[in-house]
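Okay, got some structures for you below.
Here come two complexes built around chain A, the first alongside chain B, the second alongside chain C.
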Partner chain A sequence: MLKTIIKRILIGVATMFVLITVTFFLVRLMPGSPFEAENVSTQMIASLEKEYGLDQPLFNQYVLYLEKVLHGDLGISYKKNISVVALIARGMPATMQIGLLAFLMAAVVGIGLGIWQASTKSGFIRGLLVSYATLGVSLPGFVTALLLIVVFGAWLQALPVVGLTSPKHYILPVIAQAFGPIATISRLVKSTYSEAMQMDYVTMARAKGLSKWQISLKHILKNAILPVITYFGPAIAFLLTGSFVVESLFSIPGIGKEFVSAISNRDYTLVLGLSIFIGGVIIIANLLVDILCAIVDPRIKFND
Partner chain B sequence: MTRFAKTLSVFLALALVALGLAACGGSQAPISTGSSNPGGAATPAAGTEKGIIIRMEPETGTLDPAGNSSTTYWNYSAYALAPLVELASDGSYDFIIAESCDINEDNTVFTFHFREGAAWSDGSPCTPADYINTMQRALDPACGSGYSDFLFKIKNGKAIYEGSADISTLGVEAPDDKTLVITLEEPCQYFLDLLFLPVFYPSHAELATETNGDWCFDPARSVANGPFYLAEYVPEQYILLKKNPYYVQKDRISLDYIKLLAIADTQSAISAYKTGEVDLTGADYTVLAEYEGKGDLVVLPGMTTYYTLLNWDREPLSNPLVREALSLAIDRDAIAASAGKGSYEPTSFFVAKYMTSKLTGQGKKWGEEVDPLVTLNIERAQQLLAEAGFPNGEGFPELSFKYPAMEVEAAIAQSLQAQWKQNLGIMVSLESQEYQVNISDRRAGDFDICRMRWTADYADPTTFLSMYTGSASYNDSGVASAKYEELLALSERESDPAKRFQILHDAEKALVAEDFAFIPTLAGIGVTLRNPKIGNIVINPSRNSPFYKYATLAD
Partner chain C sequence: METSTKKGFWFEPIEPELQNSEFIAISSKGFLAEASARFLRNKRAVFGLVIIVFFAAMALFGPFLVPYTYDGQDPAFVNAPPSAAHWLGADKFGRDIFVRLCYGARISLFIGFASALINLFIGCVLGGISGYAGGKVDIILMRVVDIIYAVPSMLYVILIMMALGANTKSILIGICIPGWIGMARQVRGQIISLKQQEFSMAALVLGAGDGRILFKHLMINAIGPIIVQLTFLVPQAIFTEAFLSFVGVGISAPMASWGSMCQSAREFITLYPLQMLWPTLSISLTIFSLNFLGEGIGDALNPRNK
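Let's turn to the complex of A and B:
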């Protein structure tokens, strides 16, 4: 198993290299310059580009960049004039706090709703849960976030909508971020859980007179959870790398917002730095989830 | 499960959580090590202190006036830094750090006399060296300032920037601690109007030596010579500014603190205004109906003109008859209506129509002094098009109209497309682009028709009118208007303000209504929501934007 893990890590490193290379050349293919803005003259742009070495042959810039990355230096953001590493370190706490809380909420509520939907006998509740699941999957994130802001912020004036300065400030952004994943998880759990409910060992467990909770959690869920864990990989990566919509609507100083503005600003170093960081998080999260799956279900072997 | 697998699973579960928790603990503490500034840093609130919370656009750039200053700088400097002179609401000069200025006869030597007691927030005196510090640093191309070229007006400024002269030859000197003498390359009538640009703002000569350095965000080292000083800076979240006891004109200041809160999205900012989380925010036309007639709403015409470039290097737009026809065939009211009435106004002027003009000496606005330059005349337009060889639009090639994917630009483009089709029978295809792509196509001259927008950099018509001379770097559409260039050159030699403004009006007319260089369509209007308890909002005529440093707060 150790051998396989090492192999997976090496594949991860290779993936990172490809990611860096492709991103490096792709951002340069975009028309425009990081220094272009409405009131800046052409001469000024040319002199700034020279200053930052952007007039050098592209391949030289690439080699130089790789060298820097190997030394842990992701360069300086052109627009913000601070090092990309510092910028990521500054934006990460907010993004990760929201992401982790949203992930926990999505996992707990999503699994709960999934089980409820699979086991309830009331058609009304099932209908309600199915409509939520459909809504959650199909409603774009910005609609959910804006609705929450308008209803709980502007109308009811119950919750604040700017920043993360108190625990209360976390409620709306976390719900906004978890809304979609909850629906996806509940749908997944519902289908695997109802399948598992039909299994002989469940009937057996009932016959043995085990309590409802014991059957549900120990026997059914344990067997139904595998596809959900597989989904956790991309989900946690998605949640931890931040959401542009949630971060910009709730004015949260995270990296998701940074990423999108870096692209439209042509802030090359920042786009690359964030790609490397987010790519790293995704690779690690997926690796951990794969290993976790193998542990939960011993039938999954790591022998390729 | 083997023992190894069990240990591993515990480890992995922990790792997954750690991946998230890693950075959660040390949430951002405000940077407030300050001892250099008075009072150090404390959160406002607490009872007696009066202050307001103003929404700002999220951070870009530095707070260093000599560096790549951008939106954050403008928000910050309006309160923390004081210029030598600034424009008052009525267009007169309000002397701030300087108490007077002597100007020689031909407008080339400006001598500023500093106020007694001008000081920084750490108590050290504010001297000419602080203003020279910014100028010198901003003439290093590495500074990243977009405003360095305004220093080219100063003697040797351009040569220094280009590396062909030494920094010591710059036409600025301080014969003593209270006098700053600036010598220009050529006469400039509106030089005092330029002094609110970042490169003419002060930076402490001893503390601010590293351009774009970290010092500017550090309350201990980032001192202020304006009404408020930097007390707390939390990146991407807020900037807290507190009243500066050393400010030379502190009697004019009423508030104890101003907090600038970063909110990116306009709709979120409007919601935050409703929840009471901000007292002042820029808004848009969506709030006009809701707040109509209420004290919350402040509507101010902006200094922005939206116009449509016609590429002179492409057939058939190289033909002046065609350009005139395209210009006369459009109804600007209809464009304003489709772009959102209340946020935009029709204009046929290139110069911002609400810029204060000096033609009559009565503080009238640019657009009020003369008749509209171009008015709708479909019949004449059709006739012109026929003269150009395209009767009823027959044989007219399909042109493409490039614009960035923004609501107002799309509205202008669609409205023009429809009107040209209906009134002239010509087809224009619309090409919506990403913002940066549009800029780079425009800069390369790669377009038939392209949107353009310009906001005044300073309160003189030349901020617009200098853009389309043959050599100007913004002349992306190949404009070559001899009469306009002649008049513009003439205006530089004219020292009588009224005569000069008449010449500038004529130059604009030659450009827009005789050579039909491009088509001005809309003027922007700024909508602001403010807590009705806030009074004494001052309008800064340089940008026609509200200034809150003199604001008062009712109980």
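Let's turn to the complex of A and C:
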């Protein structure tokens, strides 16, 4: 198992390297100089480019950049004149809070709805839950967020939709982020849970006279949870890319909003730095989920 | 000979009226006929098909129904509600929303289906070669797949869009660079299990070349899962385009796409929620219907679902 974990880590490192290389050259491919603006002369641009080392051959720049990244320096946002790492540190708390809350909500509500759907005898409730799952999987994230803003923010005026100043402000963005993952998780849990319900050990547990809750959580769910844990990796990726839209729609000062505004300002170095950061977070998250799966389920021996 | 027809021995001659007892009254249908019958019984799938045909018709013929262009501005109709002149109203520049919705359908459906076909091609070729050749080729290709897969595709697409400029072509390139991964994995798995079966050995013994075995024998047998995978690629690509245009790197103004229409309606969402409703409704309905359609085709092609 140790060997496979080392292999996974090596792949992770290789991925990181490829990501940095590809994003670096793509960003350098982008048209125009990062310093181009209306009132900046060509001489100014030339001297600025010299200051930031952009007049050197591309390969030298690349080596220099790699060296910097290895030292934890993701460069400087030329447009905002502040280091990318500082911007990440500033945006991280908001993104993390929303992301973690949405993640928890998706896991708890998704698993709950999945169990409910698998064990209910009412056809009506089952139909309702199935339609929710289909809806949640089909609706693009920004559509959900916009609908929430229109209904709760504009029509009912029940909840605030701008910023993150009070606990109430968290409700809509977290729901908007969790809406899709809840549907996916409930689908997964429903299928694995109803499969596990058929097992002999469940009948056995029932015959022993265990309570409904004990059977459900200790015996069935424990055996049905693995696909959900495997989904945690993609879920983290989904929440991070989802934060692009949710944060800019709800004006939350997080990394996603920073990324979107960097895109529309054509702030190339910031896009480069944030891409590498987000990619890195997702690579590490996937790695951890892989290892977690092996710990949770001793049947997995990592033999692919 | 004589004894075998005698009563009481192993076999008895069948009574004349029972001679037709093994006659199969239902004419046996081909695979496609059966699959389409199964498909038509699935109400959700047929609903999905109808909606997609509706949007396709809108994309093809919609712009000829009304005398407007996607960028023609009419100051008299700024933010107008739906009326006889502008069926779905007009936006903040006085542009007809119906026509823009039709052009949006063109872009969405084109990107959806074109990228799905490109990914189908790349995925089948690379996945097929990887699964069929095995060994070093397989290991190298699958490492490449792992590396591309580890990074969220949205990042690639955004970077490529920024490097190549905001137009349909670069969206297609952006979607296709990470898009073939799922297809390649699916095809590889299928080919690996199929190549161990007897008919593949038979083809080899009969002297068929590698290319012929792979594409004429193995790939044909993997067609069901491939089509199912294909039907999931289309909504994914449509979703990506809408997301990009909404974030501001996709189709740029004045060209209309559903995502960019959402983006421009966002500013006055509380005043004119209808302007937001049309494009969001179109995106959701299309993705919904494509999912239903995909599920329906998948069920129909699976011969176990009789």
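Criterion: the second predicted complex is superposed on the first by the 258 of 304 C-alpha atoms of A that agree within 3 Å, B and C clash if a C-alpha of one lies under 4 Å from a C-alpha of the other, contacts with A are read in each partner's own complex, and residues count from 1 in each chain.
Note that contacts are C-beta pairs under 8 Å (C-beta built on N, C-alpha and C of every residue); 3 or more make two chains touch, one makes a residue touch a chain.
It should be emphasised that the depicted structure is a prediction, and the values quoted were computed from it without experimental measurement.
Judged by the touch definition given at the top, the superposed model places A:L146 against both chain B and chain C. Once the two complexes are overlaid on the shared chain, A:I6 sits clear of chain B and of chain C alike.
Legend: residue contacts after superposition of the two complexes on their common chain; A:L64 is shown touching neither chain B nor chain C. In the superposition on chain A, A:V27 makes contact with chain C only, while chain B stays out of contact range. In the superposition on chain A, A:I278 makes contact with chain C only, not with chain B.
With both structures placed on the common chain, the touch criterion links A:Q97 to chain B but leaves chain C unconnected. In the superposed pair of complexes, A:M44 makes contact with chain B only, with no contact to chain C. Contacts of A:Y268 after superposition: chain C is touched, whereas chain B is not reached. Which of chain B and chain C touches more residues of chain A is settled by the count: it is B.
Once the two complexes are laid over each other on the shared chain, residue contacts for A:I125 go to neither chain B nor chain C. Residue overlap on chain A between the chain B contacts of one complex and the chain C contacts of the other covers 30-31, 146, 149-150, 153-154, 240, 248-249, 264, 266. Contacts from chain B toward chain A in the complex involve residues 1, 4-5, 8-9, 12-13, 15-17, 19-24, 26-28, 58-62, 67-68, 70, 141-142, 144, 146, 148-149, 212, 214, 234-238, 261-265, 267-268, 270-272, 274-278, 434-437, 439-441, 443, 453-455, 457, 473-474. Within the complex, the chain A residues that touch chain C are 11-12, 14-15, 18-19, 22-23, 26-27, 29-31, 134-135, 137-143, 146-147, 149-150, 153-154, 237, 240-241, 244-245, 248-249, 260, 263-264, 266, 268, 271, 275, 278-279, 282-283, 286. Here chain A touches chain B in the complex through residues 1, 30-33, 35-44, 47-48, 50-51, 79-82, 89-94, 96-97, 99-100, 103, 146, 149-150, 153-154, 157, 160-163, 236, 240, 248-251, 253, 257, 261, 264-266, 281, 284-285, 288-289, 291-292, 294-296, 298, going by the rule given at the top. By the touch rule above, chain C contacts chain A in their complex via residues 143, 146-147, 150-152, 154-156, 158-160, 162-165, 235, 239, 242-243, 246-249, 262, 266, 269-270, 273, 276, 280, 283-284, 287-288, 291.
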